[in-house]
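Take this structure, written in structure tokens, and hold onto it; I'll ask about it next.
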Amino acid sequence: MRLAVDIATLFLLVVGCFFVFLGSFALVKLSSFFHRIHGPTKASTLGVGCILAASVLHRAIHGTGLHPRELLITVFLFLTAPVAAHLMSRAALSLMDRRPEAPCSGTEPEGHIRDDADERAEQQARERAEGRDDG
Amino acid sequence: MIARIFPSVPQSITVFVFWLLMAEDASPGTLVLAAFLAWLMPQIAARLEREFARIGEARILLPLGAKLLWDVVVANITVARQVLGPEDRLKPGFIWIPLELTNIHGISALTSVITLTPGTLTAELSADRSHLLVHCLHVEDPEQMIREIKQRYEAPLRRVFP
Amino acid sequence: MLLLLLALPFVAALAIAMARGASRRTVAWLAAAAPVLGLGMLGWLTPAVMAGSELREIVSWLPQGGLALGLHLDGLAWMFAGLVLGIGALIVLYAHYYLAEEDSARRFFGCLMLFMGAMLGVVLAHNLLVLVVFWELTSISSFLLIGFWTGRQDARQGARMALTITGMGGLALLGGVLLIGRVVGSYELDAVLAGGDAIRASALYPAILGLVLAGVFTKSAQFPLHFWLPQAMAAPTPVSAYLHSATMVKAGVFLLARLHPALAGTDLFFYVVTTVGAVTLLIGAWYAIFQHDLKGLLAYSTISHLGLITLLFGLSTPMAVVAGVFHILNHATFKASLFMAAGIIDHECGTRDLRRLGNLRKYMPYTAALAIVASLAMAGIPLLNGFLSKEMFFAEALEAGEQSAFRVAISIAALLYGVFGVAYSLRFVHDAFLGRGPRALPVEPHEPPVWMQVPVAILVALCLAVGILPGLVIEPVLKTAVAGTLGEAAPEFSLAVWHGWNLPLVMSIAGVLGGLLFYFALRRLFALHDAMLRTWGRHLYHVNVEKLFNAAWAFTARVAAGGIRRSLFWMIVVVLVVGSAPFIGQEASLLGDLPAPQPMPALGWVLWAVLVASTLATVAWHGKRLTALIVIGATGLMVSVAFAMLSAPDLALTQLLVEMVTIALMMMALNYLPKQSKQARTPFRRWRDALISIVAGVGVAGLAYAMLVRTPDGAVSAEMLARSLPEAYGANVVNVILVDFRGFDTFGEITVFAVAALVVHAMLRFARMRPDEVMPGPPVQLPIPADLTQLLFPLALTVSIYLFLRGHNAPGGGFIAGLAIAVPVLIKYVLQGARAVEATFGFDYVRGISIGLLLAAAGGLGSLLFGLPFLTSGHVDLHLPVIGSLPLASALVFDTGVYVVVFAGALLILSTMGTVRRRTLAAEEAA
Amino acid sequence: MEFALASGIGVLVAAGVYLLLRARTFDVILGLTLLSYATNLLIFASGRMVVGKPPVLRALVEPVRANYADPLPQALVLTAIVIAFAMTAVVVVVAMRNHADLRSDHVDGREPERKPDAGPEDERSRDA
Amino acid sequence: MIDLMNLVISGAMVVVGCAMLLALWRLVRGPTAPDRILALDTLYVATIAEVVLLGMLDETEVYFEIALIIAMLGFFGTVVLSKYVIRRDIVE
Amino acid sequence: MQHLVLAPIVLPLVTGAILLMLERRHDVRVLRSGAWIGLALLLAAAVALVARADGGGIEAYLLGDWPSRLGIALMLDRLSALMVLTTTLLAIPALLYACAGWDRRALHFHALFQIQLAGLNGAFLTGDIFNLFVFFEVMLIASYGLLLSGARGERIAAGMHYVVFNIAASTLFLIALGLLYGMLGSLNMAELAVRVAAVAPEDVALVRVTLGLLLVVFCAKAALLPMYLWLPETYARAPAAVAALFVIMTKVGLYALLRTGSLWFGDMAGPFEGFARGPLLVLGMATMLLGSLGVVGALRLRIAAAYLVLMSAGTLFVAFALAQPGTIAAGLYYLPQSCFAAAALFLVAHIVQRQRGRAGDRVLPTGLALPLQTGLLFMVTALALVGLPPLSGFIGKFLMLAAVPAGDIGWVYFSVLASSLLALVGLSRSGSRLFWRTVEDQRDTDSVDGQPRVTRMEFAATALLLALVVAMSVFPAPVLRYTTATAEQLLAPADYVREVRATTPQVRAP
């Protein structure tokens, strides 16, 4: 029994780590925001959930007993992650030059989100307009 | 009368269970305290919420949750492949999904579900709350996608949040 | 008695100040009462003084500091008191007629009485510190008197110049007196005078002498600080007559006389004082000849006479001192009368310019007669008092010092003085009363009211009486005064008009003839009326004072101009100096012997990398504020994880929650601030700042490292760990420290938190704020997140209560719990809008803060009921039916206070910031 | 490990001081925040670095320093965090008002190139 | 087994640490504001994992509250920052 | 009555909290009554404390009934009692002045005022170095509130400078405290005195840095050169009543310097005896001179007043750095009177400002002649501040000069006398310009319309401050007796330490 639980724990740990890492990896690897956001918001959440489950199991065997309250952490995480993801997408949408217009128009190509380069260009333009910079 | 004492029974139950879980204890003292909080919390929340969610068929929540969990795991593996594979094979895109759900709590729940399922992400609710903008990491057939979402998640949710 | 005497003028001043609405006559009577009564008292005391007994009265003031209101009346004080009161009485009479309708008699006489009292204080003082006190009071009251005509620029300037110079002297005198007190061990005059040898032998003697003489020379207008006196002639003439001839300027030489036994008798004293006296004597006399202003002439002649007196005290022989004291008296009488005469001329002719006056004997014969007699006294013509002291001076000059060259020089100076003195007296008499004129006067001159002449007449009569019958009139007075000055060393002498033909007499005659010749010759040669000599002292003073003001202004403005940046820069520099100083030139190394460092867990390196990278990124991106804020969020997160890793869960929690609130705060602020920082384009400054920052960083890191590698011993916390559970009933020692061991810190801390909220509220409540960039369109709706967080709120509240109740035994506690519920409410504000939240959630945050503070205080004060100190915790185990055992610590009440304050405070801050624009808009709509 | 903490503190201080000297309101606020992290860590460090021994007493573990981290610095840091937050709130609001009232983002309320008033002459007509 | 378990837990901490470093990279690189917000959010989530692993390693429960608070309120930063990007006025 | 020492802290705090509660629903009159009741009780407590401290004993009040090394102890000795009384006496006229109308215009004024008092008193009474920090912060944050509540425009910018500088200084304070605890393992000041003396030789340099940083903080708060730049604008821009109360704030830094100096750098301090005295003396003198130069160059009366505060801080630095019984006693005599006088000058400046209409307190001619009372108030104030006889400023300076050790006479005498002279020059100039000079052709154009009228209450507040100065001048002996005893107490730190260690909890184990 202990062995089975330990093996389950190890499995959950490995899977959890994998997904947490995967989420971050997607963040780095993928080329645009709307691609990247899929990684961390879901994979990482799941990964953390696995690790928490592993923790519950581990504690039940090696620690002070069964502490299901750690699962509450997962509950909160699953409750809040969509809010965060939704808001970040809204934010990205609001910075997009070509936003998916009205409903029912089907797919749209992805637009460009205002980034550092745009801001640099804007600032340079502003400085040129002001003529000089003082500070 | 009951409505005044427990303006939201679901919430009271949630809090009660929540407290017992947190305290990891079922002594009389804890139970009394949990009951007290189960009464108190909705009272306080009532001052902040516009309305409490009305739950229709609560019993389909459990199978829905299980289905969701499974979907999450499966879809995560899919996404893992997509992420680890070459990016140019992806066909991402935005899709407007028409909604039949009118209850805002239902819409919220659907949004969460869509977001939690890998590969899809809700980005916006149209102002008239009739369409949901979803971003898909890889979508071959938008219509198929819309159908699947409506059937798999929206339908049960309409029963939960009538 | 002496106290009463001293108090008289002050009482009069007070009475005058109180007598609002009194007639001018009443005021004058009040003012006259003081000197007249005083003279009466002085007369009553005279027999005793003459008999050689010294009256003394001491009122304790500051016994520990050696400061006592010690007064005494010896011969010298008696003479001077008589002078001050006598001439004072005459001046009051004169001034009553002199002052114009529009002049405020109350102010004038009030100040005059103040001065009279101060001057009396100077002469009566037995304690040198008291003397300094009154000395400075004379400066201050003379400032008010000189500046009496406040609308006139020369009056204001003259007053300021006089105050500056004499104030400087007074401060120097204070220094000198303090040094004397150090040497002698007392400020009492008899101790000081008795300690003359000790003073002269002391290493401090040069300093003492220098400082005291600085006081003397400034007050008595000695070269090169003489120039304030002519400037002070902007004062009303009674003031000039009183202060600038008879009394105040004599305070300097009075002090010289006073301290003569203590200071005189060294070569240093001799040469310095005689030289300064001689130079002043000549310069004053020379300049007097060329003045066009009647009062200017008198002022310079006063300077010259003061130089003479100084010179006499410098000579230091007993007879020279006698001559000095005698000349003080003589000069006071004739100069006061001359000033009053000048005042009459000014008053009646409307001008004091000698170039426009002349032939006044025709218009005001009595005045002319009186003034001419007084002038002759000033010139030192026989049968007048001036002659007698001048003769004594000549006699002493011929025997001055031990070196013949010096003696010759002094004698020549004496002769020249005789010549110049006659010359300027002649100029006064001739240009005003004789000769041709007057020219272009605004009014037809005539005799003044008779009561204006009476004081002049009295003084002139005195000049004559002394000059003719010195032995009878003045000898006893002089003997008394000299006895007071020199004590045992007082010489025997007798005054007589005729001493037979001797060298001094020859010098006198030569002086008179030379003066006549000089005046008329000079008139022909140089056209005196056109000659106007520049007084360099005054000029230099003005230039330098202006320079001082400008320099001071420029300097302070320049120093202060750097703003915060400079403030911080200097502080950092000081810190760097203080931080490096202990290591400079010392063997001590910062690190000592390095023990093996602890191994680093992998997580540590990650935290370190993220912390450092995000910190540097914050610096790199600081110009783009949103980016910087996001990046700095990672730094905060890493700090809190570091706390968790290093065994501080409470800290990690607090840091996390505070971090969240801080982010919200900054985002709200960013709405009203520019999105970007302007970058300084000066690379120099950037590099300099970077260098300083790196040095500071390395320094702090070094200190931290040095501390970390030292093994601690004897920290008090070991005992806290041991006593936490048995005595404070808490397993979470950090929380026990917060609410029990060091609960008072927490009490202060929540006060800070509460006040911060109040400050934010106070600053934004009525502010008109406008976002830096107004977004178009209606407020955005975020229905989905808003809906999702509805579920969150009751759960968060439950968690918060959990954290609060468990805090004493697990991470948590009032503060953390308070924030844990404030943040969800804040999320509601963000997602639903302030209007929606506040419409339903009717919570008065200010009141909440108040209640929280009171709760915390009550939690602390409860123990007082049991006779135990503030914040002493109690503990009970309640055994309730169903619930069972319920352990309660009284610290819970205190912690509840914390909870409430933190919740209410955080929300007051954030809701005030969040809703400021709404209020502004509402106000604008209303307006 | 000591080196990592010390160097972390050092980097925070350096960055904080640099930003503090930028003299733009928001930069100063960021600088103060970084400095407050640094000071908190430094105070915390005065209890030395202990991994895995939080000062929450456990049954059967003797309450001595060897078994628990030093709780006192932790309590001090808590106080310091709260006070730093309070101060940050005030600075932030002052910065807002500064910008609203004076239309300047500079900490001195005006752009630095403006010299102080031209000279004393304009304010003081000469007495001399 | 305990040793293996501890080894795996430590290894997991390293892997999650790597995930944090990747998030850091995105945080510093950007290029868009939402990217950075996302990176910060990811850091928070990874932190929960680290804290839980820490608790497993030390066999203590004192880190529970930290993980709970991050899970419950850690998205607050994301909410505020995103709201700012969407609309500068975060409380309307 | 053992709890009396608590009163100066808790009383105003509770008063402040109650006033906060009342402010929304009640009239300003209710608030004022509450504030005055609180202040009256505080005064009674302060007087009682002085009387008790004058018994000569040092009392430790163990908060939470913990031994002082574990918990926090409030300490009552002559010095702290004196400071508390000074604060209270200063608060009375400040509140009186504020009650003439400013308290209506500044939100939360009364609560902030009371909490400020609590912070000040806490700083003076605490015997724990970290608790000192906390009360510094209480005092500072309340001062931000008082300065900024109701503020607009330039005042905000001045406030910014003040706030940022003080936060930076507080950060430094914390760094020093961290190092201090890390090196010495205690926070109780008396306990630290013992530990400082016993520092191992290899740690001396590090402890020197630590204590040096702490002194830098105190000096920064006390506005010692070169860290005084924050002061002039802040004080000159503060509302008059607030500026009057602020005068005591620099003295808190000085107090801390004196307290820590006497405990840690006194005769029992071993390697730290006389630490930093030399630099402090030199910088004190320089501060004094620069302060007086600022008075000379000031274009506004309030700026001049601020520089006078600086000058008096410099004087006190010198007095305390000399560390002689006589100089400390003199300094402690000088301290309250300089507070009163400087506060009075701020009030006078505000009165002048309103009576001169357009020109305000700028040293500029106008067509408006000022009433004689204002002139009189100004003159007395100026005399006291410059240190001219017969007022207490003079007494303080002369006492200090008389006690300067022989070796330091030259520079100290020079700087004290020269700064007095410069201040005299400056103030006589501004005085004669403000009160004497009227410009004929502006007589009709200048008016005080739109300026709030100067009320009798405001005059009374100023006169009250001056009455305190005069009382200290006429009866200096009892004050000096007290301060001399204080100095002796300070120079015997061993007694203090013994007293703290000997005080045991009432019920807990020692």
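Residue numbering begins at 1 within each chain, and the chains themselves are lettered A, B, C, D, E and F in the order written.
The definition used in the following text is that a residue touches a chain if its C-beta (ideal position, glycine included) is under 8 Å from a C-beta of that chain, and two chains touch if they have at least 3 such contacts.
Note that the coordinates shown come from a computational prediction; the quantities given were computed from them, not determined experimentally.
Q: When the mean CA coordinate of each chain is compared with the mean CA coordinate of the whole protein, which chain is closest?
A: F
Q: Report back the single chain whose CA centre is most distant from the CA centre of subunit E.
A: C
Q: Report which of D-F and C-F is connected by more C-beta pairs in contact.
A: By the number of C-beta pairs in contact, the winner is C-F.
Q: Based on CA centres, what chain would you say lies at the far end from subunit F?
A: B
Q: Starting from the mean Cα coordinates of subunit B and subunit C, work out the distance between those two points in Å.
A: Those two chain centres are 75 Å apart.
Q: Taking the mean of the C-alpha atoms as each chain's centre, how many Å separate subunit B from subunit F?
A: Spacing between the chain centres: roughly 61 Å.
Q: With centres defined as the mean C-alpha position, give me the subunit C-subunit D separation in Å.
A: Using C-alpha averages as centres, the distance is 37 Å.
Q: Approximately how many whole Å separate the CA-defined centres of subunit E and subunit F?
A: Computed from C-alpha means, the inter-chain centre distance equals 48 Å.
Q: Which residues does subunit C have that touch at least 2 chains other than itself?
A: Within subunit C, residues 156, 549, 553-554, 557, 560, 563-564, 568, 601, 605, 627, 629, 645, 649, 670, 677-678, 680, 700, 707-708, 712, 715-717, 720, 741-742, 745, 749, 752, 755-756, 759, 763, 772, 782, 784-785, 788, 791-792, 795, 799, 810-811, 913 contact more than one other chain.
Q: At least two other chains touched by the same residue of subunit F: list those residues.
A: Correct list: 130, 134, 137, 141, 144, 148, 151, 160-161, 164, 168, 175, 178-179, 181-183, 187, 297, 299, 433.
Q: Where does subunit D touch two or more other chains at once, residue-wise?
A: Touching at least two other chains: 20, 24-25, 28, 38, 40, 42, 44-48, 52, 54, 56, 72-73, 76, 79, 83, 86-87, 90, 94-95, 97, 107-108, 112, 120, 124, 127.
Q: Which residues of subunit B touch subunit A in the complex?
A: These residues of subunit B touch subunit A: 18, 21-22, 24, 72-73, 75-76, 79-80, 83-84, 87, 90, 92-96, 98, 111-112, 115-119, 121-124, 126, 130-131, 133, 135, 137, 139, 142.
Q: For a test of understanding, state which residues of subunit E touch subunit A in their complex under the given definition.
A: 1-2, 4-5, 8-9, 11-12, 15-16, 18-20, 22-23, 25-26, 30-35, 37-39, 41-42, 45-46, 48-49, 52-53, 55-56, 59, 61, 64, 67-68, 71-72, 74-75, 78-79, 81-83, 85-87
Q: So in the complex, the part of subunit D that touches subunit E is made up of which residues?
A: So the residues of subunit D touching subunit E come out as 52, 54, 56.
Q: Touching subunit C in the complex: which residues of subunit B?
A: 11, 14-15, 18-19, 22-23, 27-29, 32, 37, 41-42, 44-45, 47-50, 53, 104-105, 107-108, 111-112, 122, 125, 127, 129
Q: Give every residue of subunit E touching subunit D within the complex, in rising order.
A: Its residues touching subunit D are 57-58, 60, 62.
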